[in-house]
Amino acid sequence: MAEAAISGSNDYAIPELMAVAMARTLGREDGNLGGVGAAAVVPMAAARLAVLTTAPNLWWFCGGASGLNPTFDRLPRSSADPRAAIGSTGKKNMLDVVDMGITGGWDWGFNGGLQIDMYGNINMIGIGTYPQLKVRGPGTVGTIWTGTLRRPYLYTMHHTARVLVEKCDYISGPGYLTGGNSRWDKVQNTTEGPQLLFTPLAIMDFEPDSKRMRLKSVNPGYTVEDVKKNTGFDLVIPKDLPNTAPPSAEELFVLRNHVDRDGVLKGVRATIG
Amino acid sequence: MAESGSKVVSLDEAGRMIARHKVISLAGSHSVNSPMALIRAAIRNGATGLTIIPPVTTAIATDLMIAAGCVDTFYLSYIGFETLGFAPGFRAAVEAGKLRVIEGDEPFVLLGTRAAAGGYPFIPVPAGVYDGTDLPRLNPMLKKIKDPHTGAECYAIPALHADCCILHAQECDELGNAQFWGGNNQEPDKAAAAKTVIISTERIVSLDHTRKNVDRVTLPGHKVSAVVHVPFGAHPTASPGVYGADEPHLKIYFDAVRKGETKTYLDRFVAPKTQAEYLDQVGLDNIFALQENA
Amino acid sequence: MAEAAISGSNDYAIPELMAVAMARTLGREDGNLGGVGAAAVVPMAAARLAVLTTAPNLWWFCGGASGLNPTFDRLPRSSADPRAAIGSTGKKNMLDVVDMGITGGWDWGFNGGLQIDMYGNINMIGIGTYPQLKVRGPGTVGTIWTGTLRRPYLYTMHHTARVLVEKCDYISGPGYLTGGNSRWDKVQNTTEGPQLLFTPLAIMDFEPDSKRMRLKSVNPGYTVEDVKKNTGFDLVIPKDLPNTAPPSAEELFVLRNHVDRDGVLKGVRATIG
Amino acid sequence: MAESGSKVVSLDEAGRMIARHKVISLAGSHSVNSPMALIRAAIRNGATGLTIIPPVTTAIATDLMIAAGCVDTFYLSYIGFETLGFAPGFRAAVEAGKLRVIEGDEPFVLLGTRAAAGGYPFIPVPAGVYDGTDLPRLNPMLKKIKDPHTGAECYAIPALHADCCILHAQECDELGNAQFWGGNNQEPDKAAAAKTVIISTERIVSLDHTRKNVDRVTLPGHKVSAVVHVPFGAHPTASPGVYGADEPHLKIYFDAVRKGETKTYLDRFVAPKTQAEYLDQVGLDNIFALQENA
């Protein structure tokens, strides 16, 4: 295992790159409503950055502190930190959050997992034989909403074959299940399934028909080989694969001056292997 | 009204009250607004064999009770220390086969509490919410039924009743009318779903103060059994608008439990009988510094 | 039909007498929680008066305005008037109110009806054949809670054989159903059933075994014959029947100076026959 | 953010939007905070064949729509003018066999709305709540089922979804973030249970004002479709903190409908196309006097 941050460019830390890449993606969600939850400091930075760059009309909910559209410029470490609600235009209590999960009221959201598999399924339950698991996961919270929110986005701060597995030991958040159309035999058919996976090494999407995970771009400073070596299954690898564009000077300026003045992202742990 | 209705008790008495119960629920999220002083008092008073219904996200509040050996059964949605890592007491107890986990999640714990608060035997959710996951297989309390109106399949989430609910308020009067200044408002349902409600508070305010600030009163006191005055009673978690979380202290706890040195932590931080003695151990300077991060 | 107010003593109006009688009764609920709802100006005055006289620790919820323990001194005409929440110690939203109805969280409450029968059952649905009723009632709101609140108290501003009937055309609020123990075959067995009925003419209770309505006291200025004549069934009439004690000077002073400074109660319509 | 996201429309446009829908829900209690200007605009724009899901207590707001002949089906909990008497339009329509009534009540309407808001197909309540009454017999939507966990009998109250929810706010910004200053908080669930949400407001405020008063924002705007600026838009019902109910006007309405003179009332008070013309009919002096009773 290597700390990914030091492998990034000298000019930015990997979590900063990930936040910038996520913020660019949120441009397509402008005007839509989404949210971030527990252990989500990078998506939290991304949503705040998106409002200031790609998605001025984004509606976003900031987890435990329960604020909508907060305007903090000092990124808190946790969405439950009361300071994460600074400048909000409204609040949602936990019941609203759950109700909207059930009704399909969320357009987008970010979810991670102890394991993420080749069809974008998520496991937060654990590894090994239930109930006395070898690795007891933290519990599934709202990973179930990958089945009900319109466009789930996935992320992990640890790109390793232990996280990116061929098949999850347990599924707590449904991705494309066993691929193809299998998802829609089980979950609400108005939802689209996982869109992208952001990791310290790369960005992945899903092949339209098979729904197998596919490499989309490799983060600057890394190679396709690095990605293959640290992924526990065979990714679909297209030809002519681009690099993820590094953060522009403008993106970094806004991120560091208006989103994360304390440099919290630089201290977020990201690992490879 | 004031004198005869007062519900104020000592921290120790509150600890004894909690320790007499079996199914305990609490609010507060992650490292924010957990009723930590009440939890320490309950541990000191021999709480044992507990079933815990936590909020949908929890960290030290419940991990400490597990690490201290007080807990038999845990309704799980999420327990973790976010940037620090997995909850060490919880993880060790499960992996050692010492803790029974009900494999719940956000809707299970929240709607189970809602159902109990409302007197509904259960709340049904569309089958599509859980189908495709392993949760119904791992949690037999999720029962599949049919909507009698449409025939559509759904899962029934059963009401989760508690014996005793413990909460930390920023302000509370002696009748139990309480203000919770942050968070996501899980307190009212947690209180309604419990037989006994015990509140610790940063500050006991007058009934006139309550009337003047009625729009901020999040829990009326009629169901509250006891009120305890405990300044910094949420420490080391944050008390919204009063002080921030004590991250160095959380790391002391985290490292101690992970290294199997839980007893050292308990002796130093849980054994002290009064909040003043506890704050002495933490260091008042450290406490006051947290007020900058409220 | 006669306006009852003019039949009362010259010193007080009948709704004032009723509020005072209800407030005295609420003395036994001191420390307990209850509430009043729609079209309940007299019970509203009674609860406020009780706090100032018989039940200083009463918890009471004031209907549509949703205030707990308000301290108004100018009685509003409706519990939904925002001024009915003045000085409250807390609020309850409508969901809390319903939830507490279901869980049995209310200790006491006041309910009225288009019809009230000899076993204290209430009808707010209507009179005649459903659905094209001869008299369409206003709907049953929370009369159902007479089955779940611990001690329901009944009242009507119209003591007439059309309201006080032998058997309700429809039951929307369960009293003692067909008498005896029949109530507890149907409703939550922790609840006690109707305690008293307050009317412009009298106060009634229920015979312990048969659960038939029984005259308890006749309001000043009226006779047992007045009550019998205006009641649509045979009341149980005990010997040695007292009169309802008229409001004391102190009760009237507190009522008129600290509860109802505008004399709203004097204008509330009360009829007999 | 401000310009491109604005949801502000004219009163007339809002009336057309409402009139395009079939199942209409609203909040406001008795004679407090009903969206009266929106209702008048909907009537003017030919709303017809409506199904109404009212708040648990209602008066002129829904009685006017019934008297104007716009309503086919009515979910009943309570409709009445309290001290004035029975709702005249409702009573006449039912007794003439012109209105279909779903015989609901407080828990039926409120929990049906809650179920729709939460995406639950129904909410079960213990059988003891309804057994002993005639409601299950008169309302076939109350279906008896068994709790799959305990076998206990309960009644399933089905989700009550609306096409369009109309609300009156004291303050609202152009994105639909709304403040309701009084009442018993039925608005959020009413809004969540509807596809389209239309808000009239006494005052359109800036987004900065919303941020500054976030603790008073009762409905975030993300689900709101349209915002209409209508000062005195709740008249003749009260707007909490702004003006009281117009009791003489309520009596004018009540007497007109009871005497079969509904058309006279409609011509005078519903026909005027703008709120200014309506207020002219009411008399601005009368309106300003109501501000003393806020």
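Note that the chains are named A, B, C and D in the order they appear, and that numbering of residues resets to 1 at the start of each chain.
Following the convention adopted for this analysis, a contact is a pair of C-beta atoms (placed from the backbone, for glycine too) under 8 Å apart; a residue touches a chain by one contact, two chains touch by 3 or more.
As the structure is a computational prediction, the values presented were derived from the model and not from experiment.
Looking at chain A and chain D, the chains that touch each of them are B.
Note on connectivity: the fewest steps through touching chains from chain A to chain C is 2. Between chain C and chain D, the centres computed from C-alpha atoms are 28 Å apart.
Mean C-alpha positions place chain B and chain D at a centre distance of 38 Å.
Chain B and chain C have centres, each the mean of its CA atoms, that are 41 Å apart. Residue numbers of chain A whose C-beta contacts span two or more other chains: 91-92, 95, 98, 102. Shown for chain B are the residues in touch with two or more other chains, namely 111, 118-120, 125-126, 215. Of all possible chain pairs, those that touch are A-B, A-D, B-C, B-D, C-D. Across the complex, chain D meets chain C through its residues 29-32, 55-57, 76-80, 82-83, 86-87, 90-91, 94-95, 97, 100-101, 103-107, 110-111, 114, 125-126, 128-135, 138, 181-186, 189, 238, 240-241, 244-245, 247, 293-294. Those residues of chain D whose C-beta lies close enough to touch chain B in the complex are 111, 118-126, 141, 143, 145, 147-150, 152, 154, 156, 158, 215-216.
If you check the complex, the residues on chain A that touch chain B are 37-39, 41, 64-66, 77-78, 80-83, 85, 91-95, 97-98, 101-102, 124-125, 130-144, 147-148, 170-174, 177, 183, 186-188, 268-269. Residues 31, 33, 51, 56-57, 59, 67-68, 71, 87-92, 95-96, 98-100, 102-105 of chain A are the ones that touch chain D when the two sit in their complex.
Every residue of chain B that touches chain C in the complex is listed here, in rising order: 1, 4-5, 117-120, 173, 175, 177, 188, 192, 207, 210-211, 214-215, 217, 219-223.
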